[in-house]
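Quick one: the structure is below, and I'll ask about it shortly.
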Amino acid sequence: MPLKPIEHADAAPEVRAVYDDIKATRNVPDVNNFWKMTAHHPPTLRRTWESLKEVMAPGALDPLVKEMIFVAVSVTNGCDYCIRSHEAAARRAGMTDAQFGELMAVIGMANETNRLAKGYQVEIDEALK
Amino acid sequence: MPLKPIEHADAAPEVRAVYDDIKATRNVPDVNNFWKMTAHHPPTLRRTWESLKEVMAPGALDPLVKEMIFVAVSVTNGCDYCIRSHEAAARRAGMTDAQFGELMAVIGMANETNRLAKGYQVEIDEALK
Amino acid sequence: MPLKPIEHADAAPEVRAVYDDIKATRNVPDVNNFWKMTAHHPPTLRRTWESLKEVMAPGALDPLVKEMIFVAVSVTNGCDYCIRSHEAAARRAGMTDAQFGELMAVIGMANETNRLAKGYQVEIDEALK
Amino acid sequence: MPLKPIEHADAAPEVRAVYDDIKATRNVPDVNNFWKMTAHHPPTLRRTWESLKEVMAPGALDPLVKEMIFVAVSVTNGCDYCIRSHEAAARRAGMTDAQFGELMAVIGMANETNRLAKGYQVEIDEALK
Amino acid sequence: MPLKPIEHADAAPEVRAVYDDIKATRNVPDVNNFWKMTAHHPPTLRRTWESLKEVMAPGALDPLVKEMIFVAVSVTNGCDYCIRSHEAAARRAGMTDAQFGELMAVIGMANETNRLAKGYQVEIDEALK
Amino acid sequence: MPLKPIEHADAAPEVRAVYDDIKATRNVPDVNNFWKMTAHHPPTLRRTWESLKEVMAPGALDPLVKEMIFVAVSVTNGCDYCIRSHEAAARRAGMTDAQFGELMAVIGMANETNRLAKGYQVEIDEALK
């Protein structure tokens, strides 16, 4: 009963156009399942791709840092698909094993101290106001 | 009725020792409220500080990247105290306005696509297994 | 080692009574695994069913809207079982593909803007106080 | 130290253009603080507004349903600003007190049963696969 | 514009009956704001109170343990109101400062290791299947 | 492509030392996958184990209560691995079926009322300030 991924051969022209832009932009032979599923609602496919392309492009932050931030959010939200696909993207962007290890360590400590700050109901310091 | 921050003057020796190490390590005149609250349980204060000192030290990732990852987790968890204190730490580590803007944009997109991946129940791609 | 679903034939009378009420109320041949698992604690089974029956009944909001709200919460919490079972319930209540697509799009944007509002620490507008 | 909202009079032309479009689209005298804060990163302001305008427009779901879905996500994420601003938007779109009461009740039950499904590690039913 | 708490003197008879039962059950002079707000939807007030009364009653777990579990959930969800009211309830049930300190420490570590388990995509051990 | 668990035979001496301490402390024949994965970053393995050993030791709270708090956090975060491993640990520490049932019921109610408190934007009571 769940929806199935829409392959390029079966896609409407507006969907194919997005797939083709993803493939050209990322230099990959096929788009991954995330795009083949959001393709069930073409406006969401198009808007999400255009937004992601803009946001993840090199800018004041380099692509590796952006992918690691993406992993940090995905781990905190507990999204397995997102963790795997963005860990893969971070590795393609050059993330080393040592960097991955430190990324995980920071994510872990941030989640721990976030809860301690809430649990102790810490007031904002004057210097931070 | 809630607990109050424990100031240096009122702290037990084991707590003062941690405060002093934080001040020396970070070169700050006083510790912030997070430490003054966790000080109500000295083993938690000591362990959290030692862990954080180790995890946030320069390594395979530089301190600015680590602070931005911390902000990404804190925003996703919705911890106001943590957002403010680690945004401040990131700015002290050199984060520019443009970098902050891109950090927020990536956090926003990651949270959106995390939910789309879940909502569409996207299967892991063969290439990611 | 994990618990197994309790089937009707193996259930205590108080559990069977709840199963029978669920089947009669929803006009289904069997209850789903959620009920067969919470049946391990009969007071939780009974209370949860009675609460859900009351809350999800037609009222000021129609059942389709209620099921879509249920999906929005389940996606945001990342509960796969809940997403699938309530997407199915929403479709049985008449949700079209176009409605599902817009539901996902709204959930995605809400999650993105929730994090932007937190990240920028937006103050409540005077008009909203 | 935190950022301040950027008022129309102090805004760059590209920011003013977005503010003006928000005011015209929603028929309001001023934009709220969410926009005045994201304006610190004009590409985020523009992209977020264009996305939100597209997603929240009447379509297969009417605006009231969309705003209630937005509230459901915001409550589940615990974003106070978002809860208040989208509850207000839902009321402007016609939400009655009775509808608000049922919305809250469904959000509450969904969060409870999401956790029960996780806690009991409920397996997906054959009929849902 | 937000809703205001409904005081006993202004409450409908069905609401007063719930308030009176809360006061008698807990031996308190007044109900707290949580009940005065959910009273805007009397079925939610009644159902939530009856459920909570049943769930939090002494049983296989004693009331102090139940309140500490409530705090653990509330901290993890980041609900300030809930943290404060259930920390107060736990203290009334006998929680010592040392127990509160350990409660916070466990909550912190659980949140850290939850994220590490996700981040490393740890597979379920054979012995746990 | 994902990382694989590191078995004792393949582990570096510093990793083996941690494995051996876990096995001795818990009196188990092998460490579980959580440790075999975090072993990819030995400082995280060592630090996490030392912290967990300290935090979960008997103290003002007994080990069963600590494991139930761990389960409450894990269910709320939706971490399947953590739910299973800490439910197993709680059962080893003596948790009965009735206690597990009440634990789940409290977790469920806490999550429901957390959202109602947020959704109704309940103000902190004077008595709690």
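We call the chains A, B, C, D, E and F, going by the order they appear; numbering starts again at 1 in every chain.
Just so it is clear, a residue touches a chain if its C-beta (ideal position, glycine included) is under 8 Å from a C-beta of that chain, and two chains touch if they have at least 3 such contacts.
Chain labels with UniProt names: A, B, C, D, E, F = Carboxymuconolactone decarboxylase family protein.
Keep in mind it's a predicted model, so treat the numbers as computed, not measured.
Of all residue numbers seen at the chain A-chain D contact, over half occur in both copies; the interface is built from largely matching residues. Relative to the C-alpha centre of chain A, the farthest chain centre belongs to E.
The chain with its C-alpha centre at the largest distance from the centre of chain D is F.
Here the spacing of chain C and chain F, counted between their Cα centres, is 27 Å.
Averaged Cα coordinates give chain A a centre that lies 34 Å from the centre of chain E.
If you average the CA atoms of chain C and of chain E, the two centres end up 21 Å from each other. Within chain D, residues 1-2, 38, 40, 43-44, 47-48, 51, 55, 76-80, 84, 88, 98, 101-105, 107-109, 111-116, 118, 120-121, 127-128 each touch two or more of the remaining chains. If each chain is drawn as a node and touching chains are joined, the picture has every node linked to every other. By the touch rule above, chain F contacts chain B in their complex via residues 1-2, 43, 47, 51, 54-55, 127-129.
By the touch rule above, chain E contacts chain F in their complex via residues 2-3, 5, 32-34, 37-38, 40, 44, 48, 51-52, 55-56, 59-61, 65-66, 68-70, 72-74, 76-77, 79-82, 84-86, 88, 96, 98-99, 101-103, 105-118, 120-125, 127-128. Interface of chain A with chain F (complex): residues 78, 84, 88, 97-98, 100-102, 104-105, 108. Residue ranges of chain F in contact with chain D, taken from their complex: 71, 75-76, 78, 80, 83-84, 103-104, 107-109, 111-116, 118-121.
Chain D contributes residues 1-2, 38, 40-41, 43-44, 47-48, 77-79 to its touches with chain B in the complex.
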